[in-house]
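The next part holds the structures, each set out as structure tokens.
One chain, subunit A, links the two complexes that follow: it is found with subunit B in the first and with subunit C in the second.
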Partner chain A sequence: MSRLMPATPVARALLRSPLFAALALALAWELAVRGLAISPRYLPALSAVLRDAWSVWPQLFASFNRTLLETLLGFAAGAAFGCLAGITFSYARLMERAVFPLFVVSQTVPVVAFGALIVIWFGNSLLAKVVTAFFLTFFPVTVNTLHGLASCDPQRIALMRSFGARGPVMFFKLALPSALPQILVGLRLGIGLSLVGSIVGEWFGETLGLGVMLIEAMNSDQIVRIWVVIVACGLMGALLYSVLTLIERKIIWWRAES
Partner chain B sequence: MSQLLAQSAAAAAAAVPPGAADAGMPAAEHPPPAPAAPALLELVNVWKRFGDAPRQMVAVTNVNLKIAPGEFVTLVGPSGCGKSTLFNMIAGLLAPDSDGSVLFGGAAQRDGQLLGKVSFMPQRDLLFPWRTVLDNAILALEVEGVPRRAARQRAEAMLPEFGLTGFGKHYPHQLSGGMRQRVALMRTFLFERDLLLLDEPFGALDALTRTRMQHWLLDLWTRHRRTVLFITHDIDEAIYLGDRVLVMTARPGTVKSEQRIDLPRPRDPAIVTAPEFVRIKRRLLDEIEEESRKSFLQEESRA
Partner chain C sequence: MKAARILPVAASLLVLVALWQGAIAVFGIPPFVLPSLGAILKHAASEAGPLSAALGATLLEASSGYLLGALCGLLLAMLMVLVRPLQRCLMPLCVAVNSVPIVAYAPLCLIWFGMGPASKIVLIALAVGFTILVNALHGLQLPEEAAINLMRSFGASSIGIMRRLRLPAAMPSVVSGLRVAVPRSMIVAIVGEMLGAYKGLGRVIYESTQQVNLLNVWAAVLFASLASMLLYGLLVWIDRKLVWWR
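After this line comes the complex of A and B, so read on.
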């Protein structure tokens, strides 16, 4: 085992990094397609996908940015609303009983059916895509915020009460910090769903975006182009997720140790 | 008041098996402190029952006790005897049943009125992992509204006394068990109230660390002279620390007897081998033994 592991720490860190895994996957992809002579219909070579991406670079770049914007706006709105809803539910049990079931029902509505409504309500605007992304984001954030606040250590609550703490003091000094790790779990779930939401939203009418490129490629049977969009979506997802992980490490660094 | 006492006497007679009814304030070795000094804390016929009639669980029955200002009282009893329930009631976290009352500084305390009046330290250190040592120590001060900077300065000045010099900026996970416990104690001390309520603070520590911490706590107490009620299940600890040791019975818990400890202060840790210490310990052990035998017999006769 030790002979297989590179000796220097730098090499070992490289081996463990996600970048290395991605490169290994890319290499395996390329080699498998060439070596096994897979038909491009099932799986085009990565090099072919990259070449195709380069040929439509301006459109791809603009679409990427547009979808990223929709995703970020939808995510921000969903995260903010989800946190607020979770906090409200945890402090107003009556609200939880009355409204939370509606939240659950809302998530059982297929997002495609919802998308049609969104177009009727908001037209072909940026807002329409943001709302679709929002629709998929807020639920996991709500659930995890609620759960995080509910699982606050009762003995810590008792300690704070014995100091005379109530209301906002209790919330900001104890409940919120101890719920943060769980809230971050909700945000991680939300960011991926938000991307799905904005892409699906674009299917209902738009001229720019990764979702648009995907629909066009499917309609004109451009298999390689579909793969271009898939790789682009994957990159965006990875980017968003890693930014979130960085933020998490900054604000809840204590979690790893306790 | 007299009506209340009459009621409580009736309640005690009705609910407690014969022989245990007069256990509230037994004949002590020495007379109780002169009534001239008003008690800081007084419990009169305190009960706590959980659940309803058929499956009711009585955690604490008929507890009467008085603690004078500046006194160090230890409460010893087997685990599960309702010590923590009693503690939560004194901290104001749990309301006693309506047939008894808790008096603080001579005034009866209703539900929740004790919150914020007693420095309470639970068994677990309960440090917040996202706060540094210093910020954990000033938690109660922050709740009280003391500006953070002023609070930090006060805490900073106390670090040496708690053996935490240079650790102010450390986080709880970087500390040993004994140090974490000292941070928790410092947090309790900084919440300056007349009564310190310590619930087995050294229970989770290894024997050597515990001895050191006990010695250190006595030192601290000698300098600050706060009133302390200290719960433990360790008889040695109870005798070594206390002016008085209260013995609690197994569930339903009540204060069975009290023992005044006249060992001279300051006490050296080696005092645990002194004949006087051993004599007291034997007497307390006998009492606890008798108690457990009694409850054992009760259970057998019921079966």
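After this line comes the complex of A and C, so read on.
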């Protein structure tokens, strides 16, 4: 064990970092394709994918930004709505009984089937994709907000109350902070779904975006281009996820104690 | 108790229906933007034959992909827990594959496995498999080191520990993964079919959209929603029966 592990802590930290894992993966990909002579029809070499990405760089860059914008807007709307809905449900039991089952049902509706209808409702605009992303995002945030608020320690509530804390103070000083870790779990689930929503939303008539590039590549049978888009989507997913994790670490410093 | 649960839901459903029909009546919304509920139901009833055939094809793909994915996900998770180095090697790959939204793989699957059901089954298995893998890995690693060491000191093998300790401990987590995966498998099946298929609800939705037969789209959505609601209900019921010790 000790012989395999480098002695210095810096080198060890480097080995454990996600960047190293990504580099190792990239190297393994390139070597596997060359070594095993995998047909480019199944898996093109990473170098070929990168070369193709470079050849369509302006379009790829613009598409990446467009899809990122749609995802972020849809996510923001879904997260805000989900939090508000979760808070409403946890403080108004009747609302939870009446509306929450409808939320559950709404998630079994395949939103992609509505793609064409959404385009009719909102036009072929940015808004149509944002709505698709929103629809996929709000549910996990609602559920986790509801759970987080419900799991607040009753002893702490009693303590705060005995000091005369009421309503808003109770909410901002106790309920919200103790629910935040759970809410962030919901946000992390939501960000991935939001990306799915904006990509699928682009399939229904759009000229710019990673979803569009994906469909175009499929229709022209360009396997390497499909892989370019897959890698781009993966990078965006990983980027969004790690930004969220970073924010989580910055905000929820009190989690370490519990 | 039952009435107290059902009444509010029924009330909010009524409000929703009233809003839907009221909006059409008050704002004079044309049927191609929002058809009336009656028209959708009537159309669904008259097209019930072709729609249920399409639903059957979609359900077959969804259920085979679901079973395949759940089985592979669970087995892979168990293997990764039994053979630690495997976990260290495979985890980065899994994270990388998983960070790509599943729909991005749909074109690849269609090109590799053709327009038939095979491509959808693979896609669904991938989506379901990852959900189960993540949940099972989490659940299998829940038992404390002390409990594992205790069992080992009594001579239990790794496989014995897996069967007696880890698997039961992982059950709730796995079941919640199974539940999340149900609507997901339906959605992925329909997405796959929309991109290219010979039959299925997704195909019906795609073709009806192209022919601007929006009533048919609504009817297909109704069928898909009812089916995944039924599946979800079934799984909640199984969950209550199976994990009774919670």
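Keep in mind that, in the parts below, the second predicted complex is superposed on the first by the 257 of 258 C-alpha atoms of A that agree within 3 Å, B and C clash if a C-alpha of one lies under 4 Å from a C-alpha of the other, contacts with A are read in each partner's own complex, and residues count from 1 in each chain.
Heads up, the rule we're going with is that a residue touches a chain if its C-beta (ideal position, glycine included) is under 8 Å from a C-beta of that chain, and two chains touch if they have at least 3 such contacts.
Computed from a prediction, not measured in an experiment: that's the story for all the values here.
A.B. asks: Should A:Met218 be classified as contacting the first partner (subunit B), the second (subunit C), both, or neither?
C.D. replies: second
A.B. asks: So in the superposed three-chain picture, is A:Leu176 touching just subunit B, just subunit C, both, or none of them (first/second/both/neither)?
C.D. replies: After superposition on chain A, A:Leu176 lies in contact with neither partner.
A.B. asks: Can A:Gly237 be said to touch subunit B (first), subunit C (second), both, or neither?
C.D. replies: second
A.B. asks: Quick check for you: in the superposed arrangement, does A:Leu102 touch first (subunit B), second (subunit C), both or neither?
C.D. replies: Touch status of A:Leu102: second partner only.
A.B. asks: Mind working out whether A:Arg161 is in touch with subunit B, subunit C, both or neither, as first, second, both or neither?
C.D. replies: first
A.B. asks: Check whether A:Leu84 is in contact with subunit B, with subunit C, with both or with neither, and answer first, second, both or neither.
C.D. replies: neither
A.B. asks: State whether A:Ala24 touches subunit B only (first), subunit C only (second), both chains, or neither.
C.D. replies: second
A.B. asks: Would you mind checking which one, subunit B or subunit C, touches more residues on subunit A?
C.D. replies: C
A.B. asks: Which positions of subunit A sit in both the subunit B and the subunit C interface?
C.D. replies: none
A.B. asks: Spell out the part of subunit B that touches subunit A in their complex, as residue ranges.
C.D. replies: So the residues of subunit B touching subunit A come out as 88, 91-93, 115-116, 118, 120, 122, 124, 126, 128-130, 139-140, 142-144, 171-173, 191.
A.B. asks: For the complex, which residues does subunit A have touching subunit B?
C.D. replies: Residues 153, 155-156, 158-165, 169, 173-174, 177, 252, 254-255, 257-258 of subunit A touch subunit B in their complex.
A.B. asks: In the complex of these two chains, what residues of subunit A are touching subunit C?
C.D. replies: Residues 21-22, 24-25, 41-42, 94, 97-99, 101-102, 104-105, 107-117, 120-121, 192, 195-196, 199-200, 203, 210, 214-215, 217-218, 221, 223, 226-227, 229-231, 233-234, 237-238, 241.
A.B. asks: Over in the complex, which subunit C residues touch subunit A? Could you list them?
C.D. replies: 4-5, 8-9, 11-13, 16, 32-33, 92-93, 95-96, 99-105, 107-108, 110-112, 183, 186-187, 190-191, 194-195, 201-202, 205, 209, 214, 217-218, 220-221, 224-225, 228-229, 232
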